[in-house]
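Let me give you the structure first, and then I'll get to my questions.
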Amino acid sequence: MDAALVIEDLAVQLRGRGEVADILDGITLTVPRGSVTGVVGESGCGKSTLLRAILGILPGRATTPRGRILFEGRDILPARAAKPHGRIGFVPQDPYLSLNPVFRAGDQILEIMRRHAPGTRAEHRAKLVELFRAVQLPDPEAALRKYPHQFSGGQRQRLLIAAALCCDPALIVADEPTTALDVTTQREVLGLLRELVRARGLSMLFVTHDFGVLASLCDEVSVLYAGRVAESGPTRAVLDTPTHPYTRMLLACHPDRAVELLGIPGAVPPATAQPAGCRFHPRCPVAQPDCRQDVPPLLPWSGGRAVACPHAARMEAHALA
Amino acid sequence: MTALRHLLRDPVAALGLLIVVFALFVAIFAPWIAPRPEDAFESNIMLRLQPPSAEFPFGTDDLGRDIFSRVILGTRSALVVAVSVVLAAIVIGVPIGLAAGWRDGWLSEVLMRVTDVFLAVPQLILALALGQLLAPGLTTAMVALALTYWPFFARTVFAETRRLRGALFVDALAGIGAHPMRILLLHVLPNAAPAVLVRATIGMGFTILTAALLGFLGVGAAPPTPDWGLAVAEARQHLPDAWWYATFPGLAIMLLVLGFNLLGDGLRDAADPRLRRSRK
Amino acid sequence: MPELLRAEALTTDLGRRAGFLRPAVSLRAVDGVTLSIAEGEAFGVVGESGCGKTTLARTLLGLQREAAGEITLGGRRVSGLAPAEARRVRADIQYVHQDPGAALDPWWRVGATLDEGLRIHGISSAEERAARIAEMLAAVGLDADFGQRYPHELSGGQQRRIGLARILLLRPKLVILDEPTAGLDLSVQASVLRLLAELRARFGLTYLFISHDLTVVRRVCDRVAVMYLGQVVEEGPAEALFANPAHPYTRALLAAAPHLDGRAAGPSLPGEPPSLRRIPAGCRFHPRCTRASALCAAQAPPMEAAGPAHQVACHHWREAA
């Protein structure tokens, strides 16, 4: 399979105050070219650290990470590796905080292009206007001269999508780009992303906590729990027949699906005190003695999926979901 | 206690605390620590302008007095000036800031414009003028300093109150029916305290510096009181030959001002419960 | 079921008084809202940011003074009063903030915050206060030692539980919940929703549930009002309204909510989100409405019955079905 991004056995720890936080452990995932791969999980699952590792902006207190992040045929994870500036576009979470309010939005994007894209300033401007048109900003020419506060929230997110696209990236990484938006605006932005992926053949890694958004945009998905992949595979298969006990219980919490809102007993463990063995075992209704010791490997499952639970079949019998 | 522990974990702030505690200790026990406490007032012309030696670690001044003893004895007046000026400024400035920041309206406008007027008065000129009107002396200098320093507290507290009155927790308190006075005194004031504390600590250093300057200009402490600023002024005529005369009182000023400033920065971080670690 | 709260043609202006060299600013955030909440029901108010739902809540509470209209609580008229007095006579209404963490004083341990509410409400016996706090912490599912913590030491779900405990201690009849699940993880959201249901049954509460999340409102509420630009455009039993939305805006909102099955139902909502600074003439929704006619631009539609207890303000709701 032709892949835009391959992550192999990535592990990241953060040091601080005499403690070591185990943020990511053994993350393996692939973003196929021309499709959208979702990463979904609750707070504390390591989503943002994963993004930072890909973008090469891990905080200074991160220990030397383990594993590989292969992008365009080379490992971009080591600190000394050349960073693929401009080749990976980033769409941030909060459109209100991501633009400097005292500079024109257009100038801020042109500055990125000046540093990372070939061509003259005039070419950059022409290309940016074309991009503004592609992200359906009203009056693209005039938008170049406007300041961030002159755009609405949805328009700002479109600006940031244009910024992510400005250096013809081979991969787009998006961090919950619609959480700050109203539902109707979110729908528009999701529609735009779908359209851009289709028309431009983009490859995208889309991080979210919202299964509804995931369902409407992503082809593949990896479900993260406490820094590990719990389950991955085609989105429809994972959502329709969740297999890992965590995925099952989490989806059973969705108001669309829940017969009775149960929640998941317990809480996500703090990253400084991850349980041994399977990290979900203290909250798992079908945990077995071996779950306390052995780290479950990602096993292949039906429908092109992989599930990190050797006892997943027991959930069938368990009265849930 | 947690705040103190947090403070000590920060080496720079701990250094500031060490300096300030050391100065307090010296100020309280000055008459017993100083090797020649009688030198506060008595002169000994035979020994004038001796360079530092085993007998006089900081040398002697133009009246033959032990500078080491006089620096130690001067600590008390420096701290008394700093603490009383800053306390007086807090007592005037904080209520004005709270009252002006809480509600918009004519009262707020009047209070803040008065504050602005006081802020515009040059500190030294007011002190010099008061010195001419009243008797020049330490008390006059302190009145002048307090009169010019309270607007900084009023401004700080005003800004904090403005910020906090829009805070969600203030709204929530209004929602459960809390009286505005309760909100202001039990919630807004403690939340503004770190800013006041930082201001106060840095203000201590600033006051010591200005008091020394006033002593230097002859409107502060009068001879023969052991005063650091006064000592630097008196040393002027004997520079550069008697380098020790101005150096050691000057170093004392610098060290104490630095101590207060380092402590002020450390306190700001330590006093905020959000930055403290949980005690689980 | 007897009526607990009634608002008649309620109107609220937001703005600042004129100051020195500063003109008064005024925005009509709530414009002629009429609603009636029966004892024991969960009444949902949905709409996007800027629709006036939070201002409506603050007006009902008495934190914001109404410009016109009448509020009755338990049959007693409680409007037309100065804010402090209004809050006193409306002590039966309490409000849980959208961000319950920020609604707690960061300098106070949460136990002291809980205690303060009881003190303000005249419970002078320390033993009684302690007993009621212990009982309430248990009711919201927290250990008694949570009282010793500072707000920043609590997770999002725990902050919400404390926020609920704080106001339930005051024994209100009507609880206004402002976006009670915003920013929560799915599993935490499920447990919070379950807790809300339990508390409602246990204490005989009536809820006014403000949310933009339709999937949640659908699960929790008995009746729902949809707001757009300060007005209620549709109101009815939750079942009927979600099954047969009559107003085009309700339909667009429903279509925009992402669902697990990934369906993209109906057309998306074009145009920019509206602003209270530029309220369109006629029907306020007409510039974004696909069914708008000349009549819509000229004349505001009246509320019409669209079914049993189901009302809609649209000239063309019959054709839309």
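Here are some notes:
Which chain is which? They are A, B and C, in the order written, and residues in each are numbered from 1.
Just so it is clear, contacts are C-beta pairs under 8 Å (C-beta built on N, C-alpha and C of every residue); 3 or more make two chains touch, one makes a residue touch a chain.
Predicted model, so just to flag it, every value in this text is computed and none were measured.
In terms of the stated touch criterion, the partners common to chain A and chain B are C, listed by label. The greatest centre-to-centre gap from chain C, using C-alpha centroids, is found for B. Between the Cα centres of chain B and chain C there is a gap of 51 Å.
Separation between the centroids of chain A and chain C, computed from CA atoms only, is 32 Å.
Against chain A, in their complex, chain C makes its touches with residues 48-49, 155-156, 185-191, 193-194, 197, 212-216, 218-219, 252-253, 255-262, 264, 268-269, 272-273. Per the touch definition, chain B reaches chain C in the complex via residues 104, 109, 167-169, 171-179, 182, 186-187, 190-191, 272-274, 276, 278, 280.
Across the complex, chain C meets chain B through its residues 16-17, 19-20, 61, 63, 87-88, 91, 94-95, 97, 99, 102-108, 116-117, 120-121, 149-150, 152-153, 166-167, 170. Across the complex, chain A meets chain C through its residues 42-43, 152-155, 182-188, 190-191, 209-213, 215-216, 235-236, 239, 249-258, 261-264, 267.
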